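The two complexes that follow have subunit A in common; it is paired with subunit B in the first and with subunit C in the second.
Right after this comes the complex of A and B.
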C-alpha cells in the first residue's frame, strides 16, 4: 500500500475502530448477563424425585410419555412470579391432561409458597420442594422465574428466562407440543 | 541502544515475576480439599453478582460446594467437575474463560502496537523531509515577495 493511499484512508481508521467497539458495548450493556442459552436444550431433562407441597412425592419418571413444563418460582419473586402466575394457570386449565405442569420452589419455604398460592390462586398442578436447590442446579437456574419445556420424549426443547406472558407461552409450547404430535 | 534500556528493564522485571510465580507455586499432589477450594474459586455462584462459589453466602453456592466435594470424593477429576457444571449452566459458570484466546488478545494487541510504533519511528528517523509540509510554488513566491517588500 503506498504512502499516499495510507494517508488518504487514515481518517477511516477512527470510525473503523470506534464504531464496532461502540456497537459491542451498546449491545453488551443492553442484555442481562445471566440470560445465557441453556446447554440443556436438546439434551435429556434432569431426573429427580422430590416431595410435593401437598405431602406426596413426584418423580420425573411419573411425567414420562407426555410433554411437561418445569417452572422454578418463589413466593418472594415479586412481581415476576406474580405476573406469570395466571399464564401458567390458564395453560394448565386449557391443556388439561395433554401437558403436565410442575412448579419447583426455589429457595422458599413451604408455608410461604402455600400463602402465595392461597392469595394468587392455586391452579391445581403439583409443586415440588427443592430444599437444597439441587434440581435448580441440575437445570442451571440462576434465579426465578425460569421455565423449562420438555417434550414427550423427555428432551428439553426450550427455556424461558424471566416471566412468561401468553405470547411467550404460546411460542415456547409450540416446541414441545409439535414434537409430541403424530 | 540506550533508548531501549527501559524496554529491556521492563522485560527483565516481567521475567523475574514469572520465574518467582513458578518457583513459589507449591509442588506435590493437592488433596481433594485443596482441589475443591480451587474449583470453588473458579466457579461462579449462580445467584450472586460476580462472586465465586468460594465467596458465596447463598444456598446455591453451598450446594455447588457440596457437589464439588461429592464429585471429587467419587473419583472425578477437576476437569470432570468443571464439565459437570458447564453441562448445566454453560461456559457462563466458569469465572475465567477456558479458551486461551482471550488471554492472548492483550499480548497480540501489544505486539501489533509495538510493530506499528517501531515502523513509524524508523521511518520518521530515516527521512525527516517526509514530515515537513510541502509548500506550493505560488505560496513560495508570495512569501518571497512579502519578504522583499519588508526589506524594501
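Right after this comes the complex of A and C.
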C-alpha cells in the first residue's frame, strides 16, 4: 500500500470509531436495562403442585386446557404490586372461567399476604405459596411483580416485567386468548 | 423569587459561555488579544452565574421551597440543614448545576493563571473550555432544568434518597469525583489548542502536567472515597463491585494515568506524541461517557440516576467531542509522526510504552464489560449481565503486569539499558521477592493472585528503596549531610521523581491490601436469639437485645437495631441496624465496622424477628481493608508532593555531579513555574 493511500485511509478512523459507538449508545434509549428476556417464551410452562393460601392444593395440571396467567407478587412489593392489583382483579372479573389467574407469593409469608389481600381487596382467584422459591426459579423470575401468560396448550406466550396496566394487560392477553381459539 | 433568580443565572451563564466561546474562537483566528481578554471576562462571568445558580438552589433546599420540583423530590421539612445543603448534588439536575460550577471554576482558574502567557495556545484553550460550559448550561436550560416549578405546591417533599442521608460521606465523595471529572477538561483543552495551532512541541505538555495531576488527585481520592462509602454504607462487606458507575469513574482515571506517563516520554524524549494526544482526548470523552452511562438509564447500575431526557444531549456531546477531536488528530497526524529519539527494547521508553498498552487494554476490557449487556441486547435481544468475577478474572493479570512494570520502568535508564545496569538494579529485589513468595507459600497461602501481588509488591518496593538509599548515601557522602537531611533534600529537590515513587508506594499498599482482603476474608451468616453468642475468628458477639424505635433526629425513620457486645479483639458494645425510610421500599443497612490496621470486623443486620427478638447477622472479617484507604491517601500525598513548586535551588542542583549516578535524567528547571 502506498503512502498516499495510507494518508487517505487515515480519515476512515473517525467514522470507524464514532459511528459504532454512537449507534450502540443510541440503541440503549427507551429500554429498561433491568428487563430480562425470557427463554421460556414459546416453550411449555413449568409444571408444579403447590399449597394455596386458603389451605388447599393447586397444580398446573388442574389448569390444562385453559389459558392462564401466573402472577408473581409479594406484600412487600410496594407500590408496584399495589398498582397492578386492580388490573388483575378486573381481568378476573371480566374473563371469569375463560381464563384462570394464579397468584404466586414471592418470598413472602402467608400472614403478610393475607393482610395485603384484606387491605387491597381479594378478587377471589387462588394464590399459591412458593415457600422454597422453586417455581420462581423455574420461571426465571427476577423480582416481583412479574407475570407470565400461558395459552390453552400450556405454552408460555408472553411475560410482563414490572407492574401491569390495563393497556399492557390487554396487549399481553391477546397473545394467549387468540391462541386459545379452536 | 429565589428559584427564578437561579433560573435567570443559568440563562445568563449560557449567554456568557456562548459569547466566550465565539470571542475566543475569533481571538484565536485573528490573534486578537482584546477579544481574548473579553472572552476571559465572560468565562469569569459564567462562573459567577453558576455560583449564583448553586446558591439559589441551596437556599431553596434549606428553606424547603417545594415549588421547585427538584426540592420537592429531594427534600422534606424534616431534612436537617446539612443534608439539605449537600442535596445540591444528590440527584440529576442539581448535580449538573454543581458540575457546571466546578467546570466554569476550572476554566476561570486556568484562563486567569495563564492570562499573560502562551498567547498562541490560550484562545483555543478558552474556546474549548467555554464550549464545554455552553453544553452544561444548555442542558440546564432545556432538558435538565434544576429550577423547574410545580403547581400546586406540595406541603411536604419526598425527602432525600435514603442511601444518601444515611452517611456523611455523601458530602465528600461526589465533590471530589466531580472536581476530577471537570478538571480533566483542562488538559483536553490544551491538547486541542496544541493540535489546532500545530504547536505540538513540549510547551503544552509542560503546562498541563499540573493541570492533569491535580484533577487526577481529586479523581483518585473520589474513587477511593466512593469505595469507602460503598463499604461503610451498603452493608455487603465489600468495597468494589465493578458496577457501571464505578467503572465510569475508573475509565477516565486509567487513561489519565496513562496520559501522565506517556506525556513524560513525549516531554523528555519527543516520543509517543500520537499516543499522548489520543489519550488526552480519550480521557475527556470517557468522563462524558461515564456521566452519560450513569445518567441516561441505558445500563443497569446500583445507583444510576433516574432515566431522563438528558441522555440524547449527552450522546450528542460525546459524538461531537469524539468526532471533532479525532478529526483534528487525524488531520495533524503528519505533524505528530516521528521526532522521538530512538530507544532500545530495554529502556524506560519501552517500559512506558508497555505501561500505556496495558492501561489501554484495561480501559477497553472494562469498557467492553460495561457495554456488553447493551451490545448483546442490541444485537441479539438477549439479556446478560457482566459480573464481578468476569472483571476480576480479566483485569487481575493486567493489574499484576502493571505492578511489575511499575517496579522496573522507573529504574530503567532512558534510551537503552545495559546488562550490567539490569543486574545491578534488579538482582537483589528479585531475590527478595522470591524469598517473600516462598515464605508466603510456606505460610499456607495458596491463592495465586495474592502470592503474586505480594511478591511483585515486594520487588517494586525493594527497587524503589534501593534507589532511594543509594541516592541518599551519595548525597550524604558528597555533601557531608546527615542521612535524614540528605534523604529529605534528595526527595524535595527531585519532587517529580520521588513524588512519583510515593504514588507508586501508595499503589503498592493498595494492591497488597486489595489482594489480601479479597483473597483471605471470611464471613458467616448466623441467627441468634437474645443472650446467644455468634462467633467469627477470634471475635465473639453476644446478642443483647433487639430495639425497634424511631430515629431521634428524624422520627419518620424507623430503626431496627441489634445491640451486641463484642469480646475478643476490639471488645465493647456494638450496634448494627436496618433503617426504614418513608421514601424507600427496601430497608437501608447501617452496618457496623470495627476498623483496625490488621483487620476489620464488619457486622450487618440481615433480618430480625420482633416477637422473639432473634436476629440474623452477616459477619465478616476483612483483613487489611484499612490499608486501602491509607494507600489512597499516600497516592494523593505523593502526587501533591510531585507537583509542589520546586525551589529555585534546583538549577544549582542540576549540575551537581553526585546526582548523576542515581538520577540519569536531570530535572531541568521548569520553564513554567505555575
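By definition in this document, the second predicted complex is superposed on the first by the 155 of 182 C-alpha atoms of A that agree within 3 Å, B and C clash if a C-alpha of one lies under 4 Å from a C-alpha of the other, contacts with A are read in each partner's own complex, and residues count from 1 in each chain.
Note that in this section a contact is a pair of C-beta atoms (placed from the backbone, for glycine too) under 8 Å apart; a residue touches a chain by one contact, two chains touch by 3 or more.
Here the structure is a predicted model, which is why all the values come from computation and not from measurement.
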item: Touching partner for A:9 - first (subunit B), second (subunit C), both, neither; value: neither
item: First, second, both or neither for A:143, with subunit B first and subunit C second; value: first
item: Partner chain in contact with A:115 - subunit B first, subunit C second, else both or neither; value: neither
item: First, second, both or neither for A:170, with subunit B first and subunit C second; value: neither
item: Partner chain in contact with A:22 - subunit B first, subunit C second, else both or neither; value: second
item: First (subunit B), second (subunit C), both or neither touched by A:61; value: neither
item: Partner, of subunit C and subunit B, that touches more residues belonging to subunit A; value: C
item: Shared subunit A surface residues [contacts with subunit B and with subunit C]; value: 34, 36-37
item: Subunit A partner contacts - residues on subunit B that touch it in the complex; value: 46-47, 58-60, 63-64, 66-67, 85-90, 92-93
item: Of subunit C, residues touching subunit A in the complex; value: 289, 292, 296-300, 311-312, 315, 318-319, 322-323, 326-327, 330, 333-334, 371, 373-375, 377-378, 381-383, 585
item: Subunit C contact footprint on subunit A (complex, rising order); value: 7, 10-11, 13-14, 17-18, 21-22, 24-29, 31-37, 76-79
item: Parts of subunit A lying in touch with subunit B, wherever the complex brings them together; value: 34, 36-40, 43, 107, 132-134, 136-143
